[in-house]
Amino acid sequence: MMEVLKQAGYSLATLMVVMNYGLLLVGLVTIIVARVHGRIGPPIWQPYINILKTLSMRTALSHGIMFYLGPVFRIVGGIGLLFFMPVVYGSSWMQNFSFAGDVILVVYFVFFGMLGMALGAAESGHPYSAIGIMRGLAQNTAAELPFALALMALAAQHQTLSITDIVAAQQGGIAHWNMITNPVATLAGMLAFFGMMMHSPFDVHLAPQEIPIGPPTEFHSSYLALMQTNRSIFHAAKLILFMNLFFGGATSIFVMVVKTFALLMVVVFAGVVFPRYRVEQSIRWFIRIPLAVGILAVVISAWK
Amino acid sequence: MKAVLVIGLLLMLTGFYGLMTRRNMIKMVLSVAITEVGLQMVMITAGFIRGGTAPILTEDITELASFVDPVPQALVLTAIVIGVAVNALMLAFIIRMYGKRGSLDVRDYTDSKW
Amino acid sequence: MIITALIILMGVTMVVSAVFALHTKNLLMAVIAVGILSLFSSIIYLIMQAPDVAMTEAAIGAGLSTVIFLYALRRTTDRDVDDD
Amino acid sequence: MVTPIYIFIIALGIAFLLPLLERAKKGAAETVFLAALSGIALISWHWLFSLLTGRCEIGEIFTAGFRPPFSINLRVGMEEAVFTSAINLATLAGAVYLIRELSGRGTKSMMLYLLFVMGMNGMVLTRDIFNLFVFMEITGIASYALVALRLDTKGLTAGFKYAIAGSLASIFMLLGIIVIYMITGTLNIDSIASRMVSFSGTAAAGFVAPAVFMLVFAFMIEMKQFPANGWALDVYDSAAPGISAMISAGSAGAALFAIYKILPIAGEGWYMAAAITGSVTFVAANLIGLKQERAGRLLGYSSIGQMGLLLTVVSLGLKGSLPSWQLIAVGLFINHLLAKAGLFWLTGITGEDRIRNWGVIARRPFLLMMMGLFMAALSGFPPFPAFWSKWTLVMSMFSGGMKVWVVFILLGSLFEVAYLFRWFGYAVRGGVEDGESGDIVKGTPEKTAVIFFGAALLTAVAYYMMGKMIDNSTLMLMPLVGAAGLLLFERFDPRVRGIVSLAAVLYYGYMIIPGLSGMPLFFNSFFLGGGAIMLLATLHRRTASRGFYPMLLLMIGSLSALALSSTSLQFFYAWELMTFSSYILVLRGKKAMKPALLYMVFSAAGAYLVMAGFASAGGTVFGGAGDGIAGMSGSLQMLPFILLAAGFLVKVAGMGLHVWAPGAYAEAEDDSSAIISSILSKAGVLGFVFLFIKAGTAFTGSTYLYSTIGWIGAITAFFGALYAAMQEDAKKLLAWSSIGQVGYMILGLAAMNQIGWVAALYHSVSHFMFKGLLFLAVAGVVYRTGTRNMYEMGGLIKRMPMSFISVMIGIIALSGVPPLTGFGGKWLLYNALIERGWYLQAALAFFSSTVAFLYCFRLVHAIFLGQAKPAFRKIKEAPRSLIAAQYILIMAIMMFSMKPSILIKPIMGIVGERFDTLLTWQANTLYSPFGYWNGFAVMMVVCALFAILLVILLLISPKPQKVKQFNIVFAAERPETPETTHYAWKFFTPYERAFSGILKPAATRFWNAVGEWAEAVAAMSRHIYSGNTGAYVVQIFIFGILLFILSRGGLS
Amino acid sequence: MIKRALIFLVLAFFAWQFLLMVTGWEGLSGLGEIARHYMEKGREELGAANIVTAIVVTYRGLDTLGEVSVLFLAAAGIGFLLGAGRLSRKQDGGNAGGLENEKTRRKASEILETGSDIVVPAIAVFGVYIFVNGHLSPGGGFQGGAVIASAIVLLFLSHPFYSLNHGVLKVTESLSGTVYVGLGLLGLILAGGFLDARFLPVGEFGRILSAGAIPVIYSLIGLKVGAELVGILEQMRRPS
C-alpha cells in the first residue's frame, strides 16, 4: 500500500513538472508561429494567464452532465497517458505507473481523452462542436495507421512492447536510437506524429474554434481551464512518448526537455510552411505515403 | 419377314414426324395412332417364326415348332385396346378444349408455361 | 413370294397413306386414311399368322377407332390449322 | 397374410360397382370409396408391419395358379412394402383432402382416383415387365383425366400434354419390351435381368442396344427428366393442388420404383447415364425454379428436382457406388412425399397461386407453422428425413470418391432452398399485393386435418430416423422438445412464455453445466448464460410474438447442443437446427423478407460447405462418440480444412461472405438482433475453435491456410469498422460492428498460440457483453422512438439517461479503451500476433480499432447528444426488462474490468496445454513474452484520477447556470429551429470521400451478380418450356438423343 | 430453322436406331421358354385350343384385367370430360365451326334404317359368338365386344335420334366387371391363384364348355368391353 502511495506521490510530482513544461511549450510555440508570420506574439506565460483568467470567470453555463464529465474524461486521458509511461529512463520517481501496462495501454489511452472531449463537446448541442469532433476523430484515426505500423515495426525489432525495455535497448549513444537502427519505422512514426500533434497542416479540426464558436469556446470558465491544462499535458506526453519510442528516451529531465523541444520544433517548422489540409486530404495523405512507409518499416523490421 | 418390320418402323418414324411437326391436335393424335400401328406391326414380327401357323391347337397336335409365338400376339391385343382407349381419351380432351377456345391449334393452348 | 410382294405393296400404301394423312388439309380424309392404314395392317397380321390380332385391329383399330375420330371431328371442325 | 391381390380386387371391384351407387343415398359412394382406399392402405401397412417385425417372409404372389415366368407374379418385399405403404397413405390422405371436389364431380372421378391408386400399387408390386406397362397405363390414364378435374382450359391442356407424353413413353416402352422378350423368351423381370447379362458383347448386342435404350428412354420420360419434362411442369401447374400432390407424391414414387426394377435389366452401362441424368435434372429444375412466381409450378420444379435426385441415388446405389443407398432413397422419398403433398395441399387451401400474395396465410398461424415445417423438411433441415438422407448421401459419395456429384447435388439443393424460402418469406412477410386483403384463408376441417396429419407423420418418421441415425439422440432432441413444449404455451401472455423459456434455459443449464469441462463448458455457459440474460430482455414484449419463444429456445438449445456434440453428425445437426431457428427469428423482423432470405441462402451454402468438409474428412472429424470438442487432436487434410473453414467463415461473416450479415442482424426484431449478434455470431467462432483443434498445425499447407484465415479476419475487422462508421441506421451500425469484432476473434484463433486463443475466447465473452448491451440499449431507443435512423434522433440523454449510460459503457468497452474489458482483448490479440510474427495484421487490427472509435462516437453522439427533435421531447426511458438486462451486463463488464483474471484464468485453463504456455500471472499482472498488463491497477488509477479530477472541477467551478439544450448561438444568432442543427447525417463524409476507393461494396456487387446471373440463366432456360405441346414432343426426342450419347459415354 | 434442323436430327437419329434394329434382326428361330411352355402344356393345363386366349385370359390374366380397367378408365375419363358440365364455347369466346345441334343432324335414309334393323341384331349375335368361342377359334372378348359396339354404331348411324338405355348399359358395365373380378377371386379361393380359370373343370378339348372358366371369363370380358366401347361411343357422339 505504501508503495502505491509513494508511487502516486512521485507521479504527481512528475505531473507538475510536465504540466508546467507543457504550458511553457504552448506559449513558446505561439511565439514562434507569430514570429514566422512576422508578428510579435503573446508573452510566453500567456497560457498561465489564460488558465487563471478562465478559472476566475464567474458566469458559467452548463448543458448537462456530460459538460462536467467531458473535460474530466479529457484530462484523465491526458494524465493517464503520462502516468502509464516512464518519463525519464532509470529515474525511479519518473517511472509513474508504467508497471501497469506496456505501450499498447499507453497508445489506447490517447483515445480515452479524445472520447471524453468528444462526448462533452457534443452535449453542447452545437453543430460546430460536432463538426470539429468529427474532423478531429477522422484525422487522428487516419494518423494512427502509420503509427500502428511503426509501433509494430518496433515490436518486431525489439521483440517487446514494454516502453522501458524499448528505451533500454536504445541506450548507449545516438547510434542505438531507433532513429538510426530503424530509420524507416521512425519516419513512419514521425509522419503519424505530425497528424497526432494537430499542428499545421493538420489542424483543420481546430478551425471551428477560429470561427468564434466551437468546442473550446463553448466550454468556458473552469471547464476550459481544465481543458487547457490538459492540452499542455497531452502535448508534452505525446512528445515524451515519441521520444521514448524513437529517440532513445531520456536519462534525465534535462535530456527530456531538450529532446522533446527539438521534436516539437520539427513539427512546428514543418507545419508552418504547409497550407492547411482539408480532412479528407489529410486522410488521403496518411493512407498513401505514410502507409507505404509504415508497411516498408514492418517488412524490414520483421525481416531481420 | 423383315419387310413387315421395315414397314412398321417406317410408320413409327412417320408418326414421330407428324407428332413433331403437326399443330392440329387431331393430327397429333392421328400421329400417335400411326405410330402405334407401326409398333404393333413390329411386335407381331417379333413373334413370327418362318413357316409357323397361328397358335391354335387342333385335335391332331402337330410338332410345336410349326407355330408362331403366341405371346407377342397376346401383348399386341392388349396394346391395341390400350392405344385406342388413350386415343379416345385424348380426343375427348380435344373436344373439351375446343369447346373452350374454338381452336384445334396446339399453339393456342400455352396458358401454363415457363 | 407373292405374299411378300403383297406385303410390300400394302406397306408402301400404308406409308403413303400415313404421309397423306399428315399432310392433307382435310381432316376427314386424314382420318379415313389412317383407318385404311389400320385395315391394311390387320390384313398383314392375318398373313403373319395372328388372326386374333387381325380381328382386334380390324374391329377396334380400324373400325371403332375411326368412328371415334369421326365423332371427334364432328364435334370440333374438319378444317386443319396451319403448320409452320 | 392378406395377399396383396386384394388390393386389386378391392380397387377394381369397388370401381366397377361405384357407378351403381351414383343414385344411392348421398354419401354412400364417398363412404365406399374411402373404405376401399383404407382397405388397400391397410393391406400394405399390414405387410410393412409384418416385414418390419419379422413376422413374415418376403411375399411372392403367383396369379393364375402358375409359377413365374409362366404367369404374372407379384412380390412384396421390404422395398415394395415401404413404397406401397407410403403411397397408399398419401393417397388416402389425399382422398380425404379431395373428397369434396371428387364427390362434386360424381362417381366417375372417384373411380378414376381408385384405379389411379391401384395402378401405382401395381407398378410397385408386379414382377412382370409387360404388366408393369399395363399398370403404368392405368396410372397414366387415370391421372390424365384427374389432371383435368376442374375442367378448366389449363387443366385440360395439361391433361392432353400428359397424355401425349405418356403415349410416347408407352410406345418406346413396348418397343423395348418386345425386343427383350424376343431375345430372352420371357417377360419376368427377374429372369430377364439374369439373362440380359449374357448378351453384352455378343453379336446380338448390336440389335439389343437400341431396344434397351428405348426402354430406359421411356422410363426416363416417366421420371420427368430434364429437358423432357415441360409437360410435367404444366401438369403440376395446372391440376387441382390436391391432384398435383398425388401425382407428385404418388405416381412419381411409383415411377421411381419402376425404374428401380428396370435399370438392372438395362444393364450396368446405364446406371451412370441414369445417375447423370438425374443429377442434371436436379440441378436444372431447381435452377429454373429460381425464377418461378407461381406456387404450383414452383412445387412442380421442386418435385422434378427431387425425382432427379432420387434417380441419382437409386442408379448409383444399383451401381454399387452408394453403400447405404436404400436408407437415403427411402428417407428422401418419404420426405418428399409428405412435405411436397403438404405444400400442395396448403396451396389448395389458400387458393393463391402467386407466391407474392402468400401473405394471406400469415393470418392463420397454424397453417403458417405447417408451411414452415414442410419447408424445413423439403430443404433438408433436421430432424426431418431428408436431413439424414442428405447427410448419408454426401458422406457416402465422398467416401466413394464422387466429389463432383456432391458439388452438383449441393448446388441444386441450394437453389431449392433459395426459392422455397423466398416463397416462405412472402408468406410470412409479403402481405397481400392486390386487393382481396379482407379474405381470410379458410380451409375446410378435413383439409386442415389432412395437412396436420401429414406434418405429424413426417415428424414421426423424423423421430424414428433420428433415433436410428444419431448418437445420444435424447440429448440432441432436447432443443426440439423444448421448442415443442413451448408451443403449448402459445396462447398465454407473452410474458408468461418468456418466463417459462427463461426457466427452461436456466433449468437446462443447471442440469447440464455441472457435468462439463473444457470447451463445452465454456461455450455452454456462454450460450446458456447469455441466452438467459437476453431472454430477460425480451420480457418487455407485449405483442403476440407467435412462435418467437419456441424458436428462440430452439436456437439457444441448438447452440448448446452444438457445443455438446461429439460426432460430426451431431455437430451438423445442431448447426442446421440453429440455422433454421435463427432464420425464423430474423424473418420475424418487419422488413426482414429479403435479408432473411439472403441469410438463409448463405447459411445453407455455409452449412453445405461444412457438410462437405465433414464428408471429405471421412465423417470422422470427431473421433466418435464421447470424443467431444475438448478431446480432439490430430490433423486434417487440406480439403476438409478448407471446406470447413469456408463454411464457418460464412457463419462469422468473413469479408466477402458477409453480405447476408448486416441485413440479418439489423432487420431482425430489435431484441432478436441483440441475441443474434451477441450470441449466434459465436457459433462460427465455436466452429473455428473445433476445426483448429482438430486440424492442428502439422499438415501441409497449414501455414498458408492459417495466415489466409488470419488475413481474412483482419480485413473483416477493418471493413466491419469502416462500414459501421458509414451507417445511418443504428442497428446496421452495430451489425457491421459485430462483423468486424468477430473478425478479431478469427484473427486471434488463426494465430494458433495460447495468447491468440485466450484473446479470442476472452473477446467472445467481452463482445457478448458490450454488444448485447449496445443492441439492447438501441433496442430500447428504437422501441421508444420508432426509428432506427440515428439522424432522426439526438439529444436523448435527457430523456433516456439509463440507456445513455449503457451505450457509453458499451462503446468504451467496445473501442478497447482502458480500463474496460475491451482493452484486454486487444492487448492479448496484439501480443498473440506479434508472437506469431503477424505484424502487418496486428497493425491493421490496431487501425481497425481506431476506426471503431469513429462509429462508437457516432452512435453515442447521434442518438443521445446534440439537439433533440421535438417529436422525442416527451418520450420515456426504455422498458424496465430491457434496462435490467443491460445493467446485468454492465455489472458483468465492470466486474471483469476490475479483475480480468477471473475471466482470463479460467479461459487459460480451457485453452489448456494445447499450446506452449506464454501467458503468466503475477498477482494482478498478466505477462506475455512482450509486455504486461495489470488491469486492476489501470482500473484503480483511472478511477482515482477520475474521482479526484471530478471533485476538483466541482470545487473550482462556480455554480453553473443550467441552460436548455437548444440554447446555442449560431453565427451570433439564436437559431429559430435548433433541432435542425443536429449534425448527424453523413457524419463522416471526409472519411467516406478519402476511402471511396475501397468503400465500393465489391462483395455485394459480386454476389448480386452471381444471383442475377443465376436468375438470368434460369429465366433463359425456362423459356424452353414454352407451353407448346409440339415443342415438348421435340424436347422429349432431343432428350432421347442426349440420353443415348450419355449412355455411350457411360458404356465406354 | 433451328427447329427444323432439330426435327431432322431427331428423325435421323431414330432412323439410325431403327436401322440398327433391322440389320441386327434375325427373327425367332424357335419358341422361347414361356411360349414353348404355353404351346406344350397349354392344352393339358387349360384345355384351350386358342393359346392366345389361354394366355390372355389366364396366364396373363392380370394384364387383361388391367386392360379392361384401362378401357373402363378411358370410358370413365371420357364420360367425366364430356359428360360433366355444359360444353359451352362461350366460356372462352370461341367462334366458328363446331357443335351440331339436333336440327343440323340429318335423318338417315330409309334403306339404311330398315337394313340396320335387320343387320344389327345379327351383328350383335355374331359378336356374342366370337367371345363365347374365344377359347376355340380366333377372337374373344375384345373382338366380340368390339363387334357388338360396331352394331351399336350402325344403330347410331341409322337412328340418329336413338338414345341408349343408360341404366342397362351401366348395369352391364358394372356387373360384368364385378363378376369378372369375382371369378378371379373364385380362382384364388378354389384354384391355384387369382384369375386361375381352373376352378371349373378343364373338360373335353374342343368343346364350348371346356377350358375351365375361360369361356365364362371371356364372355364377361366381351360384355364389359362392349359396354365400355358403347359408352365411349355414346359419349363421343352425344353433342351435349
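The chains carry the letters A, B, C, D and E, assigned in the order they are written, with residues numbered from 1 in each.
What we mean here is this: a residue touches a chain if its C-beta (ideal position, glycine included) is under 8 Å from a C-beta of that chain, and two chains touch if they have at least 3 such contacts.
Not measured: the values here are computed from a predicted model.
A.B. asks: Using the contact definition given at the top, which chains are in touch with both chain C and chain D?
C.D. replies: Shared contacts of chain C and chain D: B, E.
A.B. asks: Provide the labels of all chains in contact with chain C and in contact with chain E.
C.D. replies: Expected: B.
A.B. asks: So which has more C-beta pairs touching, D-E or B-D?
C.D. replies: Most C-beta pairs in contact, of the two: D-E.
A.B. asks: Please find which chain has its CA centre nearest to the centre of all protein CA atoms in view.
C.D. replies: Minimum centroid-to-centroid distance belongs to D.
A.B. asks: As a quick test, compute the distance in whole Å between the mean CA positions of chain B and chain E.
C.D. replies: Here the centre of chain E sits 15 Å away from the centre of chain B.
A.B. asks: Report the inter-centroid distance (CA atoms only) between chain A and chain C in whole Å.
C.D. replies: 104
A.B. asks: From the C-alpha centre of chain A to that of chain D, how far is it in Å?
C.D. replies: Spacing between the chain centres: roughly 53 Å.
A.B. asks: Identify all positions of chain C at which a residue touches two or more other chains, and write them in rising order.
C.D. replies: Chain C, residues with two or more chain partners: 51-52, 56, 60, 64, 68, 71-72, 75-77.
A.B. asks: Among the residues of chain B, pick out those that touch two or more other chains and give their numbers.
C.D. replies: In chain B, the residues touching two or more other chains are 1, 6, 12, 16-17, 20-23, 45-48, 54-56, 71, 73, 75, 77-78, 81-83, 85-86, 88-89, 91-96, 98, 100-101, 103.
A.B. asks: Mind pulling the residue numbers of chain D that touch at least two other chains?
C.D. replies: Residue numbers touching two or more other chains: 130, 134, 137, 141, 144-145, 148, 151, 153, 156, 179, 181-182, 187, 1034, 1037.
A.B. asks: Mind listing each pair of touching chains for me?
C.D. replies: Inter-chain contacts occur between A-D, B-C, B-D, B-E, C-E, D-E.
A.B. asks: Any idea which chain C residues touch chain E in the complex?
C.D. replies: 51-52, 54-56, 59-60, 63-64, 67-68, 71-72, 74-77, 79
A.B. asks: Provide the residue numbers of chain B that touch chain C in the complex, in ascending order.
C.D. replies: By the definition above, chain B touches chain C via 1, 3-4, 6-7, 10-11, 14-15, 17-18, 21-24, 26-27, 29-31, 33-34, 37, 40-41, 44-45, 47-48, 52-56, 68, 73, 76-77, 80-81, 83-84, 87-88, 91-92, 94-95, 98, 103-105.
A.B. asks: Mind listing the chain E positions that touch chain D in their complex?
C.D. replies: 3, 6-7, 9-10, 13-14, 17-18, 20-21, 23-26, 28, 31-38, 45, 58-63, 65-67, 69-70, 72-74, 76-77, 79-81, 83-85, 92, 170-171, 173-174, 177-178, 181-182, 184-185, 187-188, 191-198
A.B. asks: What part of chain D is in contact with chain A in the complex they form?
C.D. replies: Checking each residue of chain D against chain A gives 795, 797-798, 801, 808, 811-812, 815-818, 823, 826-827, 830-831, 834, 837, 839-840, 842-844, 846-847, 850-851, 853-854, 856-857, 860-861, 865-867, 925, 928-934, 937-938, 941-942, 944-946, 949-950, 952-954, 956-963, 965-971, 978, 981-984, 987-991, 993-995.
A.B. asks: Give the list of chain E residues in touch with chain C in this complex.
C.D. replies: 50, 52-53, 96-100, 130, 138-140, 142-143, 146-147, 149-150, 153, 229, 232-233, 236-237, 239
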